[in-house]
Structure formats: structure tokens, C-alpha cells
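Labels run A, B, C and D following the written order; every chain starts at residue 1.
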Amino acid sequence: MHAFFLVAATVLALNIVASSVRILRGPTTRDRTTAMLLLSTTGAAVLVLLAEVASSPALRDTALALVALSAVIVAARISAERAPR
Amino acid sequence: MTGPELFLALGAVVTLLGAVRLLTTPDSMRRVVALYVTGAGTLLILVSLSATGPGEPDPVLQALALTGIVITISVTGLALVLVRRIEDGDDDD
Amino acid sequence: MSWETVLDVLLATSVLGVAVATLFAPRRTSSVMLFLVLGLLLVLVWTRLGAPDVALAEAAIASGVTGALLVSALTRRSAAGSAETPRGGWRSAAAELAVAGTGGVLLGGVLVGAARDGLRPDRLGDLALDVDGVVDQPVTTVLLDLRALDTLLEVAVLAAAVLAALAVHREGESSIGIRSDTRPVLVSFVRLTTPVVLLLTGWFLVAGSSRPGGAFQAGAVLAGAALLLLLTGRKDLVPTGRWLRPAVVLGLAVFLAAAVLTRLVEGGWLDLPASWGVAVVLVVETALVVSIAAGLTVLVALSRPRYVDATASTETLGGAAPSDPPRRQTEELT
Amino acid sequence: MILDVLTVLLVTAGCLFVTAGTVGLLRFGDLLQRLHALTKADNLGLGLIVLGLVLQTSNPAVAVKLVLLWVLALLAAATNSALLARDAELTGEHR
């Protein structure tokens, strides 16, 4: 089980790295921000898997913090970007 | 080469990459990011050192890394305020 | 080769690749967002290195405050248009990479060799693991019990940074306003998540005494909640105006008061007595949470664009620019 | 034993969904398609992984925390994608 969770975590970590391709290519800032959405969900998935592997419950809290704050970046970006009307 | 040793070497490379870029880039915003990357590299060195060797990770080095994170974010925040002030500042005074 | 090694090697390669991409990406936006990817990868590295405290702090700070700070600072382009690096800089970039790479590998070799020879710093931490601290968690013990002065100075640095930022802020603290976005979807989301985030804050604060967590992690998460509230126009729930400076220095003040108190009662600066030491630690940490959260929120609010130029923004609104349209926008000043 | 098999199946399916979301993010042609692929597939993936891990734990507190994590992720993803998509329509950025 231990090894299986590690493999799963590795696959998910690869996904995180792949998202940087979209960040590099864009084309718009919106597309880049969309790629940031992947970070919080996939990051949380890796962290809960690693919490099981390392039997470290604090990593679940870390995942919670990651997910709970994922809206901050998007909201900050959107509200600053929106043109006044 | 064990895991912590790998990350120790990685920390050295990342620190130098950030430092070189910090010195060469002309854009102020990128300098802030480069400074941040340099900081991340030193944190990597600190935390890897805490994990090398037998037994439990060294809590003093981890606490130092935590302090480092707080200082980094304070400095970055101030730097960004200054960047904004510089880039806004050409319309008056 | 075990799966642990595979994950470690993958993480190390990714950190290196993303760091290079962050430093050399052609656009500011890519650079900043790649940096946030780097932050997440570092969280995973900290977990691999057995440092859940650092991972928690990094996650709380990287996903919330750092992201908001960098992403909103992006919005304003520099007047000189230095957002793009000049084309054809490949040669110098390659030279920089070569210099930094060679130097880094040499330094890394020295460090690894030193660590193998046992020349690494003496394990001060053994002291912390052995000592019978007031609080039963090694990293918090180190932070508050054994290395209190250092923590004090770190909070002082944060307070100084915030006060300096306020000092260069032209409009004074009365005008710290963030352009808010009051679309129902965001407002109701914030209303739903704020209690959960507050719960998380309290949990990190209390958890700091028995397991990873503590004032900084709690403060960083709380700052995220405060930012969401500010962004949805709930200025009434976040200290602004004349409460700002007191909130920022509160942690420092309480820390100093605790130092004086312990000096008077116990005879040593921050010499925590076993009987009521836990209470002191909790009071100090709570004050620290408030100050850290206020300080981080102020830094984000101050680094956001301010410039008011209504005509330019209506123009860019009409023209559907194909990529990365430079937008100027109004900021509501309170 | 049956639980272990179920966990392996669920986590594997979760990883597949997350990977599908990433492929969508990289391959799809415009912003709205990418948003659609990424948020749905990723959150389904996270849900499956969380479910697989819940089967492994005997501690109800851990299970509650994991489910709370998923609910939060769903709420955040829905909000974020709505914010990103709505504005794209208004500014005509999505083409």
C-alpha cells in the first residue's frame, strides 16, 4: 500500500509540473490563472497521499490550508483585473 | 546519494541561480522574484541539513527555516510596495 | 531503487526546472505564476524532508499571501514597459545558467561533503528534543521557549516592514482600500468558507503546542481570510484606519510585555515558569497571530495598483486584446 | 483485503481523472474548454482519491477531515471557475 501511494503521489506531482507548460504558453493571463487551479486540488491530493505514507496527520492540515486559500489568488487577480464600469 | 543530500545540492544550485539572476535582470519585479528564489534555495539548504544524519530532524534548523519564511515574506511585501511606488512615481513629484 | 528515491529525484528535477523557468520566463506573469508552482513543489519537498511545520507554513503563505501579493502587483505594468525581457537574450541567459550551474554544483558538492564528514552544524536541536519545554512540540519549543529572542526580532522585522510600507504609501493608512468584487458567487463562497478558515486558524494556533502548527501558520491562514473579506468589500470585519497600526504592533508589544513580566517575576528575560508558562505562550501566540495576519494583509493591500485612469481602462475593455492586455484600473479609495 | 483492493482502484481512477484534466488543460483550444476540463476532472479525481483514503482509516476524525477537504475543494473550484469564465465572457477574451 505504501509503495502504491508513493507511485500515485509521483504521478500527481508530474501533473503539477505539466501545468507549468500552460503557464509558460498562456496565451492570456486567464489561461495561466486556470493552471493555478490545478495546483490547489492536485497539491491537496498529493499531500493527503503523503500524509498516509509518512503517517503525518499535519500534512492533511496543510492540504486543508491549500484548498481553503485557493480562492485568494483568483479573487485577487480577478478583482484587480476587472475594468471599472 | 540520499534524499536529503540530493536536496542539499539542489538548494546550492537554486541559491546560485537566483543570486545570479538577481544581479543581472533589469526588471524590478523580476528582481523581487529572483530574491525570493534565492531565499527558497537557502531554505532548501537549511531544511536538508536538518534532515541529514541519523535520528529525528533537527528542530533548530527547521525553526530557523520558519523564521526565514517570515522574514522573506516581510521583505518581499515591502519590496513590492517599493516597486509599485517607483513605477507609479513618474506621474508626480 | 525504491519509490521514495523516484519521487525525490522527480521532485528535485522539477524544482530545478521550474526554478529556471521562473527566472528566465519571457513574461512577468509567467514568471510570477511559475514561482507559485515552485512554492507548491517546495511544500512537497519539505514533507519529504520530514519538516511538516515548514510545509504547513509554506502552504499557508504560498497559496494565500504570496500569491495575492505577487499576482496583484503584476496587474500594474511599469511605465517603461519592462514587462517583457528583450528578445535575443538567449546568449546571456545561457551564460548566466552556466555560471550559476557550475557554481551551484561546486557549492553543492562542498556542502554534501561537509555533511558527510560530520562538519555540519552541531545538532543544537538535540537540546530541544531533550529539554523539558513548557510546550510539548519540538519546533514550537525552539521557537518560543529556547529561541524566544529570535522570534521576537522576527516579529519586529515584520512590524518594521509593514510600518515602512505604510510610510511610503502616499495616501496614508486611511486609504487602504482594495477594489472589491461583490458578485454573489464570490460573496457567498467567502461567507461559507470564512468560518472554516477561522476554525483552521484556531486549530493551527492550539495545535502548535502538541503538533506542527503555530502562530505564523495561523496568522498566514487568517490573513488569507482577511484578504477574501476585503476583496468582497467587507471592510467592517477587518481592522483598517486607525486600528491598523495598533493591530500590527500588538504582537510585538505583548511579546515585550511578556518579557518584562517574566523578568520581574522570574528574574530572567522570557524565562518561562513551569506553572503559568503555557498561559503566557498562548497569550503571546494569539497576539502574534493577530499582528502577523494584519501585517500580511496590509502588505498585500499596499502593493496593489492604485493608479486612477478611467479613460484608458474603457479603451482596453472594448478592444479584445489577443494576449495579456495591459489594463489600467481604478482603485476605490476609501 | 477487499478494502485494499477498493482503495487501489479508487486512487488509480482518481489519478487517471487528474491526468485527464491536465491533458485537457494542455491540449484544449480555448479558455472555457480548459476550465471545463480541468475543474471537473480534477475535483472528481480528488474525490476518488479522498474516498480511497477514507476506506483506509479507522479514525472518524480523519475521515471527516478528508471529506471536508473535498467539499472545500469543490466549493473553491466552482467559485474560481465561475469567476474566471464569467469575466472572460464579459471582456470577450475567450474568443
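The criterion applied here is as follows: a contact is a pair of C-beta atoms (placed from the backbone, for glycine too) under 8 Å apart; a residue touches a chain by one contact, two chains touch by 3 or more.
Owing to the predicted nature of the structure, the values given are computational and were not obtained by experimental measurement.
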Review point. So which one's got more C-beta contacts, A-D or C-D?
Key: A-D
Exercise for review: Would you kindly tell me how far, in whole Å, the mean C-alpha position of chain C lies from that of chain B?
Suggested key: 12
Review point. Centre to centre, by mean C-alpha position, how many angstrom separate chain B and chain D?
Key: 31
Exercise for review: State, to the nearest whole Å, the distance from the C-alpha centre of chain C to the C-alpha centre of chain D.
Suggested key: 26
Revision key, fill the gap. Contacts with two or more other chains occur in chain A at residues 19, 28, 33, 35, 40, 57, 63-64, 68, 70-71, 75, 78, 81-83
Revision key, fill the gap. Chain D touches at least 2 other chains through residues 68, 72, 76, 79, 83, 91, 93
Review point. Quick one: which chain pairs are touching?
Key: A-C, A-D, B-C, C-D
Point to revise | chain C - residues contacting chain A, complex | key: 3-4, 6-7, 10-11, 14, 17-18, 21, 25, 27, 29-30, 33-34, 36-37, 40-41, 43-44, 47-48, 50, 52-53, 55-56, 59-60, 63-65, 67-68, 71-72, 75, 178-181, 186, 189-190, 193, 196-197, 200, 203-204, 207, 211-213, 217, 221, 224, 227-228, 231-232, 300, 304-305, 310, 313-314, 316-317, 322-325, 327, 329-330
Review point. Which residues of chain A touch chain D in their complex?
Key: 1, 4-5, 8, 11-12, 15, 18-19, 21-22, 28, 30-31, 33-35, 37-38, 40-42, 44-45, 48-49, 52, 57, 60, 63-64, 67-68, 70-71, 74-75, 78, 81-83
Point to revise | Footprint of chain C on chain B - complex, ascending | key: 1, 3-21, 24-30, 32-34, 36-37, 40-41, 43-45, 47-53, 56-63, 65-67, 69-71, 73-78, 80-85, 87-88, 90-91
Review point. Tell me, which parts of chain D touch chain A in their complex?
Key: 4, 7-8, 11-12, 14-15, 18-19, 21-22, 25-26, 31, 34-35, 38-39, 42-43, 45-46, 49-50, 53, 56, 62, 65-66, 68-69, 72-73, 76-77, 79-81, 83-84, 87-88, 91, 93-94
Point to revise | Touching residues (chain side chain C, partner chain D) in the complex | key: 181, 183, 185-186, 189, 192-193, 196, 317, 320-321, 325
